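Each of the two complexes below includes subunit A, the first together with subunit B, the second together with subunit C.
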Partner chain A sequence: MMDMKATNIPISWRLLDAAEALASRLWPTSMRRFTGWLLLSPAFLLVFVLVAGLVLIAGYSLHELDTSTYRLKADYTLENYADIVAKPTYWKYIGRSLLAALIVTVVTVTLAFPYAYVMVRTRSPLLRKLLLISLFLPFFIGQVVRAYGWLILLGNQGLLNVAFGWIGLGPFNMIANYGAVIVGLVQFMLPFAALLLAPAIVAIHEEMELASESLGANWLRTLWHVTLPMAKPGLIAASVVVFTLTLTDFAMPEILGGGTTDFIANGIYDAFFQLSDKGFGSALSIILVALGSLLVALIFALAGAGTLSFIAEKRK
Partner chain B sequence: MSDYRKTKLIVPVTRRRVLQGAAAAGALGLAGLRPAWAQEPEKPKEMIVRVWGGVWEEAITEGVSKPFTEMTGIAIRNDLTEDNELQPKLWAAVDGGQTPPVHINWDTSTNAAKSALHGAAVDLGDLKGLDVLLPAAKPAGFDGWPMVNAYTYAYVLAYSDAAFPDGAPDSWQVLLDPKYKGRIALYDDGIGFHPVAQVAGGGKVEDIPDNMQPAWDFIAKLKEQAPLLGEDPDFTNWFQQGQIDLACTILSNAREAKMNGIKVSWTVPKEGCKLDTDALWVPKNPAENEVYWAKKYVEYAITAEAQQKWTAKLGLPPVYPGLTPPADLVGDIAYPTKPEDFDRFIRVPTNVLVEHEKEWFEKFNEIMQG
Partner chain C sequence: MSGGRSKAIVLGGIVLFNIVCLALPTIIVLVTSFTAGNIIRFPPEGLSLRWYQTLLEKTAYQEAFLRTLYVALICTAVSIPAGTLAAIAMARYRLRFLGGLQVYFLLPFTIPLIVAGLGMMEMLISIRMFGQLWPVGIAACIINLPFMIWAVAASVNGLDPDLENAAANLGAPPLQTFLTVTLPAVMPGVITGALLMFVLAFNEFIVSLLLTNARIVTLPVLIYNSIRSVITPDLAAVSVVYILVAAVAIWLLDKLVGLDIFLRSK
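Right after this comes the complex of A and B.
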């Protein structure tokens, strides 16, 4: 039998014993049945803060600005919402944001799928590492820096126009337009989509694809009838995340849009900071939250929550 | 000798201190300096001033903050938060009875007036030196001095020398020339441009704000030219990248770009340019001693010494009369010094701007986002 004199007890055991003793003092045995709630409490706090903020904003949205004092009037009114509905500018913001969200989602998921597939299925550890590093590297550079990077690349004297100049073309005006914003957003969203697709592809056993090929299907039929349907949870998750992030984006339209392709988030910023109208900005914010929530709820209702539900789908 | 050389002498009185004080007074007397026994409030270690970046920050630091620190020992820290972004934070702090994030706000006069209407500003009517300043220093539409206008500035027509080898364009109509499609820039809310568009669109200054339709018609035509909309750093970047040939921007920015080697010049076209002012104001709620020294900062900023250095660096006409303009701006059309020079500029009263700027920004957005 092992000699367990005090001097032989490893330091890590002592530390764990001390930690357990402290935990027992702070959270006695009688409270143990509430341990789950204790672990959930930080999350509840965060959600509570978010909900409280939304309630405050909803409250502000029901008051108009008094330009003689630049304070919100005391009366409750729906005038801010009526103003938004009546002004074509805000319909343009909403339409532009929704269209961008749709385009960026389709393009991003289409590009991210093969990337994630190769990253998961490759036999080469070096290639897998390279693809993973390339995926994570953009996260170390913020969205604003990446947007300015596109300005350098696409500007009139940017790298692309210089290259076009070598072959006698251009310069072309490639920034300060909707296309530039879309390109910037696709590049920004790609890592998110790939990271959400990868677990779904990992969950598809390679034998399923081999079985399909052994039954005579070529790679395209295997992809269409086997891989894609089984990757559906990842596709839904990636689509929902990319869609909502694009719908609410501020930086890319602000920097790449040239001031004439604003999204709803830019309109909200202008309302708060340019027009000093907290009530109007709050009304726009509520509309954005409601719109985003409604669309996501619709997607979940029609297609399920995908990997975001953390529940394995029952195979039929 | 400047008041700012007075030292604080609030200490516990003991026999030793009295003897030490007498010796000090004797020494000071020998040195020819006046000993100060004034009970000025305690000096804070540091005060925060909101500033714009680039040449704006350099100008106020060299012209006002550094000399103030040398005289008083109070360190000045610059807060580069945009004026529009700081405003709601300031208002929330004042409304909530909290200490605001800055001691002194260097702001547009219009924004400062909004803050004054909101009740966020300390009255500066007791500052020394207000009576010698030009009329432009006094905020219009207020009984007291919730702010002090520090200088005037024009929103000029800046142009790339390469695009105009024969000299400056003489009219804002040049913005509608198809040759410059996609190569013109304005501030993203149209600030500085609305009154000019009114005249360029065939309307009259006298009709501002009651009938601005000529301005909106002109801006609607300008929309076809696909202008770039941005802020001060964007204009410099765009000129530098060769992205634009024309811009409606503040004289300081165009001058700074030129001094940094960008081949750009500026003019005041025949329709005129909007003339505006920027102001200094002190938010309510800091400790009494901090408010006192914040007001002293503003008081220093309107002295001849500070105004000369600060506004010369900015290239803008000061509100202190009789100062020497920067050498490169002597006789410059955009640097008015004599009363007749101001005739070619368009001035919109601050209270009209405060009341109507919101609807002008919204209208400009409506046209440009279409």
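Right after this comes the complex of A and C.
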């Protein structure tokens, strides 16, 4: 009765046993407390490439360009940083990027919040699906193609100008200016903002809003005193992401700005590939990193990581 | 309720504006791609499929498409194990410096893409590997890795640890517990993350611009270069490829895990 042969055991069991034995030999029980770190290591190494790249760039930023050889000089200097500070052009880039980041964040979050709210609260599964699809379709289409769409829409012979022509207006110059870049960026950021806001709104029980309304508050007061404060984790996450992505954007100012409204990222690109001065470009890069990190660190320190956290609230 | 109506009107108005704003560039590209004329004009001078035909004739677009596909597949293949294991580690294991690790794994978002791209470009040049295609896929994986970790972390956080404990209690060794309990439970997160990573890599622009040269240019970079010279309708036809890929990805996401997965509370 007990002479069950080894061959009767399913092959999958034997494979699993073999794998298990191999695993326990490669990673004995005594190593168990490091298992978490083992699992983490591939992702850790991947992200480390970014750190190494940043260190490399920081190193370059401390060397001046030798204009006779077009290589960086060997001696360390802060001359590149001094150069940037002394040139009003770069102050303009920095100011323009910061202002755009502020405008785009405010406009995008204002537009995305009602969208995410309706998407979460609607009783109609069909409307919810429609809203999700209209969010994902542009999100999955990418910045260059969307910028191209805006070019066709806003261009001098574009759809909007043709429409204006029919009612006897225009043509207006709607491309290659700050406004076009802002419009393109807001549209680009909307899906990010709405998708980061949605989980925070899901977390608010609808009873809270109903309680507020049954106590006599109208919907605007409920929104202001109940929903918005409770959605704070989502508002923080959405604002941080939209702000930093706008601050550091390259494609929209390049394509829709037509070279007239360069951001910091465009300045960095030009320093590397037009001036061929990677020392100067690296210094500008480090300034951009410092600016972005400082602002993000400030918001996180004041308000926490919001829905950007990888770890569930309850574990903290 | 008197407040109900004004709320519905205001919310409905904003939502409608959003939908139009989100859809407009996509629709306009679609319409333009079917024009019969040589230039982009409204209304279009008749309908035709001639710009799709030029796509079939121009090998530059086809090669760029295949390269982009290759990049996106490498990105997905690398990010599935790396992101899944990292998410499980951070949600399940007692790690020291967890707060620091969180900040570390958000670095791909806090380091500006242009700087990340330049850093990787300079590294590839210094180890004489610039001009190969596979590092572009790895780079796309690195800069989007937080998406993968988030997607899986959401699933891990929703899994009751007692299920894994029960498996262990019934005698399952660690690997078996992982393969038969943990992994199936986090599968929706893995699928969501993998689809996101594929699509994001397929669309990746600025880092590709920095890491490719004329020989290995990817599709977004090719479109960008063409926009800078002459805007012809064949670009619209290429862009429709992106619309199709996006539509397929959304359909898959909805079929396999449901789009509602993004509406879970945290």
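Just so we're on the same page, the second predicted complex is superposed on the first by the 277 of 316 C-alpha atoms of A that agree within 3 Å, B and C clash if a C-alpha of one lies under 4 Å from a C-alpha of the other, contacts with A are read in each partner's own complex, and residues count from 1 in each chain.
Rule of thumb we're sticking to: a contact is a pair of C-beta atoms (placed from the backbone, for glycine too) under 8 Å apart; a residue touches a chain by one contact, two chains touch by 3 or more.
Source: prediction; values computed, not measured.
Chemist: State whether subunit B or subunit C is in contact with more residues of subunit A in the superposed arrangement.
Modeler: Looking at subunit A, the partner in contact with more of its residues is C.
Chemist: Based on the superposed arrangement, let me know which partner A:Leu185 touches: subunit B (first), subunit C (second), both, or neither?
Modeler: neither
Chemist: In the superposed arrangement, does A:Phe272 touch subunit B (first), subunit C (second), both or neither?
Modeler: Both: A:Phe272 reaches subunit B and subunit C.
Chemist: Applying the document's definition of touch, where does A:Leu131 land relative to subunit B and subunit C: first, second, both, or neither?
Modeler: second
Chemist: For A:Leu72, is the partner it touches subunit B (first), subunit C (second), both, or none of the two (neither)?
Modeler: neither
Chemist: Between subunit B (first) and subunit C (second), which, if any, makes contact with A:Asn173: first, second, both or neither?
Modeler: It touches subunit B, and subunit C stays clear.
Chemist: Quick one: is A:Pro88 in contact with subunit B, with subunit C, with both, or with neither? Answer first, second, both or neither.
Modeler: first
Chemist: Contacts for A:Gln157 in the overlay, against subunit B (first) and subunit C (second): which applies, first, second, both or neither?
Modeler: Both partners, subunit B and subunit C.
Chemist: Taking the two structures together, which residues of subunit A meet both subunit B and subunit C?
Modeler: Of subunit A, residues 151, 155, 157-158, 272, 278 contact subunit B in one complex and subunit C in the other.
Chemist: Show which residues of subunit A lie in contact with subunit B when the two form their complex.
Modeler: Touch list, subunit A to subunit B: 65, 67-71, 87-89, 92-93, 151, 155-158, 173, 175-176, 258-262, 270, 272-278.
Chemist: Which residues, counting only subunit A, touch subunit C once they are in their complex?
Modeler: 16, 19-20, 23-24, 35-37, 39-40, 42-44, 46-47, 49-54, 56-57, 60, 111-112, 114-115, 117-120, 128-129, 131-138, 140-153, 155, 157-159, 162-163, 186-187, 190-191, 195, 198-200, 202-203, 213, 218-219, 233, 241, 244, 247-248, 250-251, 255, 265, 268-269, 272, 278, 281-282, 285, 288-289, 292-293, 296, 305, 307-313, 315
Chemist: Provide the residue numbers of subunit B that touch subunit A in the complex, in ascending order.
Modeler: My answer: residues 82, 84-85, 87-88, 91, 114-115, 117-119, 182, 188-189, 226-230, 237, 241-243, 354-355, 358, 361-362, 365-366, 368-370.
Chemist: For the complex, which residues does subunit C have touching subunit A?
Modeler: So the residues of subunit C touching subunit A come out as 3-4, 6-7, 10-12, 14-15, 17-19, 21-26, 28-29, 32, 39-43, 78, 81-83, 85-95, 98, 101-102, 104-116, 118-120, 122-123, 126, 138-139, 141-143, 145-146, 149-150, 153, 157, 173-176, 179, 199, 202-206, 220, 223-224, 227, 231, 235-236, 239, 242-243, 245-247, 249-250, 253-254, 259-260, 262-266.
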